[in-house]
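There are two complexes below, and they share chain A, which is joined by chain B in the first and by chain C in the second.
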Partner chain A sequence: MSDLRQLTSIQLIVIFISAMIGVGIILMPRDLANAVNAPDLWISIIIGAFLMCLIATLYVLLVTRYPGLTFFDMSKKIAGRWIGTLINLFFIFYCLIVASYILRVTTAIIKNYLLDTTPLYVIIGSFLLVSLYLISNGPGDVVRFFQLYFPVMMFMFLILALLSIKDVDVQNIRPVLQSNLLTTVTQSKITFFSFIGIEFLMIFSPLIKKKKTRNLALSVWISIIVTAVIYVIFHVLTIGVLGIAELKEITFPTIEMAKSIEFQGFFFERFELIFIFGWLITVFTSFTTYTYGMILGIGKVTKPGWWCMAGAGLLIFIVALYPEGLTEVLDYSSHIQWIGAVAVIGFPALMLLISLMRRQTHDT
Partner chain B sequence: MNVKEFLSQKKNDDCVTVKTIPFDSHNIYVLYMPSITDMTKIQDSILAPLLEWNNPEDKTVDHAFSAEPLTILFKTKDMDSHLLNGYTLMLENETVYAVETCGFHYRAVSEPVSEMTLRGARDGFIESLEENIKLLRVHLRSTHLKFEHLSLGLKAFTHVTIAYVEDEANEKLLEEVRKRIKAVKEDYLPDGGVVEQSLEKNTFSLFPELQETERPAKVANALAEGKVAIFVEGSPSVLLAPVTLNSLFQTSDDYNFKWIPASLIRLMRFAAAFLAVMLPSIYISLISFHHGLIPTDLAISISKTREGVPIPSFMEAFIMQMTIEILREAGIRLPKPIGPAVSIVGAIVIGEAAVTAGIVSPLMIIVVAFAAICSFTIVDYSLSLALRAVSFVMLFAAAMLGIYGLILAVFILSIHLIRLNSFTVPYLEPFAPYYPSRWKDTLIRLRFDKEGGSDE
Partner chain C sequence: MTLKYFFCLVCSAVLLSGCWDIKEIEDVGIVTGLALDVSEEEQLLMINQYVKPGQIPTQQDSSQQDSPYQNLESTGTTLFEMIRENSLESNRPPNYTHLKSILFSTKLLEKEPLNQLIDLYIRDHEFRRTVPVFITMDPVQKIFNAQPEKELFPSIQIKELSENYHKNNTNPKNLTIGDMSQYISERKSFIIPGMAMINGNIKSYGAGVISGETSQYIGWIPLEKMEGIRYLHNNVEGGYLYLSEKDITDGPVVLEIKGANSKFDVSLSDGNLSMRVDVEVTTSLGEDWGVDRNVFKTGWEKEIKKAADKDIEDKVDVILQIAQKELKTDFAHLSQWARIHQPDYWKKHKEEWDEIFTQMDIDVQADVSIKDFGTQNFNME
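Then we have the complex of A and B:
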């Protein structure tokens, strides 16, 4: 096992950002464009981030009330053994669905842009195996991996953002705040799916034993704000380069935006490769987070062991292969949003409420 | 076994000379191995004082020697090992004294051939432990420099010395080094490399867990940073622990030149190591999977050069990589005058004939040869070996899944490195986990802090 016992604030921020940014950065522009239909759709992201900060505060409160316990232990302690187990099973299901969804979308993109004739199960299987290899040595390795690749990922995004500024048409971004404000606010629910990942505060909580509430909340908020800033930058760039009308039609707008970058007299002209590399890191990290959550959960509900990993891997593999095509996968996303809302907002809120009513705390 | 038995055993041993000297009322036996001792030293500093000593009140060997350090031995095992190290033993009644009269022949101190530097100290370690410690003392004159002498090997003695700077070296690290040295259960440890492997825990990893160097200045620097050095008797390579990937990329030239050019060169070295591992595999994944990602003009010229090449690009790359590895190995094994001949033959055979014969494309040769040149910039030879093996793995990954396979292979490699520890220190430190205080000497080297003097 790894030697990481106490995570610093920087490490926490790295974990959360790595867990949050995933398929959302590629799929969200189109969904938002269809829902809001205005060039200032990025305002929804800011509202979404603000709401997410409030939700994340729930987790901070829970984690500080029950230091050293994971979500799976907390639920049993708060709601009793049976209801707790039910909550845990639902959370495991949620992890399974999200992990499979991420994996399937990733494979679709890889198939579309890199390997068009390779069978789906090969791409899915290899990705899954590498992720399981990372998890197999415990959470310390996962954290170190995130740390190692975080600068690489940020560097890729920075390069891409700088390169695409040239192609931005200011007319595409305007007008700001001229659209229906109500739509902008209500449709911010779409952005919710791109901010999930922050709930893993409750999964990595044994590694954050002695943190003050204020510091913990601060690192959580910083992570959400940084993620939101990255999203906003990429949305503005995508709208600026492609325009709102085109955005609604393209499946993977961010990659197309990267593809359209051109530099005269510069030897290398396929910049989507840089983006795909940077993005594959973030997808790998968020996928690994969910798979880790699932494996931990199965271990908590039953007994920890190697077969938790094998079982989780097999389940994710099967579920990821289940949908026929990408359209079907994207259709599922609204259902996943509901499952996510229950697992990420419903349960923690309920648990905190019960805990407050029972005036229950936990000493280590 | 007592002293008398030891004496009678040695009297029958042809390799040991036993001289009997009457000394007052008893005899003193002088034992040494003539092949490995300095005869004049024995004559001048042992036999002469013994024979001339005639102080009637003070009749012990101990007082006959004023300057020579005398060791008193108790165990038969120690007596044997001292004899084998060129000591002379003196047996007086039941007491055994040992005097250093070593006459081993060593080569002179010279510049190490495998570690070149442009600037800085040119001395290199030799095969003598004593001399090596002296060389280290030249570069690190500190009272905090401590040595611990240990002996390895069950059947043949290999003397090993741990060196560290007190207060700098972590006690946990020292304890780990001691534990591992004491746990070695080999009969015979002929050289530093064997000792290195018997101390390693990551047996199945390609990456070295100890850093090997022949430069005293490098050892001195490492000790000052809190590392531990392991000297092995009879080996010019000194082992440094712990090692991190970052430390394997550092050279002493990085510190001897001004920080901006030195940092640029270090960055270039990192880039070269990356290219050495990845370039051939990136190339084959681009031409066999992702034609669309190659700029159009380049794609046309590549397809022109590949016209008529009968083998698939992966095999082409594999064959070329193998050829270069074979040439490299041949160059090392051959005697010095023939070495250049091999490279000429290699250059002509690979460079000209293979292309003319239409077996490989010229662009492939450029790619593979450039990767080989890049790999020569890797400072540490163990690391270079590891990365050469990794480059073949990357080649297979690229042949199977293209760029995607490459990215996954890089992930696997980094997960492996994340798991590695060298003497309880994470291998990728300070990148994973983060140690921001040590970032100033990683990808680049920041300037040294200085104070005093007049401002410009």
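Then we have the complex of A and C:
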């Protein structure tokens, strides 16, 4: 077991950023280009980030009202044993779906760019096993792993951004602020879901002890803002390099952008491979967060034990292998958004409302 | 305890013993060039230029050997099929990760739309987005069978030629397959750098124009009319301006271009678009055959400047003439300036852009400044 008992603010920020940035940074440019269809789609991201900051404040309030309790304990305490269990089951389902989705999309990318002939189940299985091994040692080690690889991940993004600037055609990004403002605002519903992962504040809450509401809110907001900045930079770069019309057609735009970087005669002529290795870590961290949430949830609903992990692993494995092809997988993402909306906005808001009405708090 | 060690040993034997997808580099047929043409039976013709690693002369042993490449021709109806057909002839499966150039013939692009032809290249992950694309009026075999002097492979030679774009402005800038795919999805017309066999040498030779509407080849810009397009694409980085005795009294004079920048402005009056292009060029005196010019006296450059301004304006007008009158399509990408400067107008009229473009009034103003004259100057006066 891990000896980590309390998280610092920096560790919190690292967890949130690692959980938020995942497949979104690869897939979102295309979705957003199709929805907004204007070069200033990055404004949607800023609006989405702002909305998420508001929602995240709900989590902060919940966590400070019930210190030391996870989401799964809170729901039972607030809504009663039966309804609480139902809420928990739904949240476990949400974690399962998101984890499987992340895993399947990642596998598709690995299969497309790295391991052409390796069977799907081998890639999914090995990815899953590594993640489960990390979780088996408890949340402390998960946090330490995130902390260890956070600089690697940021360095990768920085390198990719710096190298892509050369290929940016400024005319692709212009004109700024000339598009239909209404679509830009309404399409922030897409960008909003690229910030999911912040709800894990309520999962890691036992490790957050006696924090002031203000400090906690600040670390949550900082992580959302940092993620938003990374998203905005990458969207501006992908538009600049590929152009809005091309962006709509490309399956994995950010990787294609990395692919257009080339050093003549240099030993890493193929930069996208190096980028994919760095990106795999970021996707691994967000996948691990969801798997951890799911395992914890199963433990809370039933009894904690080794079989929670085996069960969660098996479920994710089956669900990840279920879709036939990539088209189907990407099609599911819109359904996942609805599940996400209920789990991320619906339940916390409802729980906070009931808690406020009942004037209930929790003392450790 | 021993069981535990045994288990570890078995695990490491399984996990560390090698790569799942291993491909030995000796068994991979590296393709450096790809050419597409129409075969005699009116089918597609594809040439893959394979590297013959054993034939590449090393520094120790530079004796004359066979040509270091092998061209494999195949015909068929789809590219994928033709690539796989190669394995009937070559013992090594083709690998395109080191592809250096793709060459199309004008005959093929008159017949088949480009968006269908490049589908495989942008769909398959093995092809990189940075591979440059070329077009030729000759049969592609002629260029791919050439024996270049300095380079070993014709396919690499044509790529390296286009990297001289900052030395000579008639040499168009590289068009990568990624850019091309971008233009096709934006439905823009564009030019592909042209290649030709002149006196047994591969030479950069003008450019072919592809229509955005049909994705097919519609015309050729000859070498001597190429220069203007570079100013419209705003990618002039070097090159020279030649002013003959006809242009100035004391000539000829060559100005070396140090840098250039074009500014575009689109204005709208009474529903009619008009465009103004300001070309600013910084030059230095490169070669001067006029002996009685005194560069230490102020105002010496006035006459040269005037002639140079006119020279650039003429060159741009020639290209605009081709675009607006002959081919009636906007391969200079002036549409992006309308999109940026008049977004509301653009949203309403982007479908009929090619028609608006041919009617549009485009005013070109050049401003050449001569900043330097070199280390020594003969003055016989």
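Assume the second predicted complex is superposed on the first by the 359 of 364 C-alpha atoms of A that agree within 3 Å, B and C clash if a C-alpha of one lies under 4 Å from a C-alpha of the other, contacts with A are read in each partner's own complex, and residues count from 1 in each chain.
As a convention for this text, a contact is a pair of C-beta atoms (placed from the backbone, for glycine too) under 8 Å apart; a residue touches a chain by one contact, two chains touch by 3 or more.
Just so it is clear, the model here is predicted, and its values are computed rather than measured.
When the two complexes are overlaid on their common chain A, residue A:K248 makes contact with chain C while staying clear of chain B. In the overlay built on the shared chain, the residue A:K166 is in contact with neither chain B nor chain C.
Look at A:S260: by the touch rule set out above, it reaches chain C but stays clear of chain B. Residue contacts after overlaying the shared chain place A:R270 against chain B and chain C alike. When both complexes are overlaid on chain A, the residue A:F284 reaches chain B alone and has no touch with chain C.
Touched residues of chain A, counted separately for chain B and chain C, are more numerous for B. Judged by the touch definition given at the top, the superposed model places A:Y133 against chain B, while chain C stays out of reach. Using the contact criterion defined above for the overlaid structures, shared-chain residue A:H335 touches neither chain B nor chain C, since it reaches no partner. In the superposition on chain A, A:D141 contacts chain B only, with no contact to chain C.
When the two complexes are overlaid on their common chain A, residue A:P175 makes contact with chain C while staying clear of chain B. The intersection of chain A residues touching chain B with those touching chain C, taken from the two complexes, comprises 115, 118, 122, 270. Remark: chain A residues 112-113, 115-118, 122, 171, 174-175, 178-179, 242-243, 245-246, 248-249, 256, 259-260, 262, 270 touch chain C in the complex. Against chain A, in their complex, chain C makes its touches with residues 20-21, 97, 125, 128-130, 176, 178, 181-182, 185-187, 336, 339-341, 343-344. Against chain B, the residues of chain A that register as touching in their complex are 3-4, 8, 10-11, 110, 114-115, 118, 122-123, 126-127, 130, 133-134, 137, 141, 143-145, 147-149, 267-270, 273, 276-277, 280, 284. Interface residues of chain B, counted against chain A in their complex, comprise 289-290, 292-295, 298, 401-405, 407-408, 411-412, 414-415, 418-419, 426, 428, 431-434.
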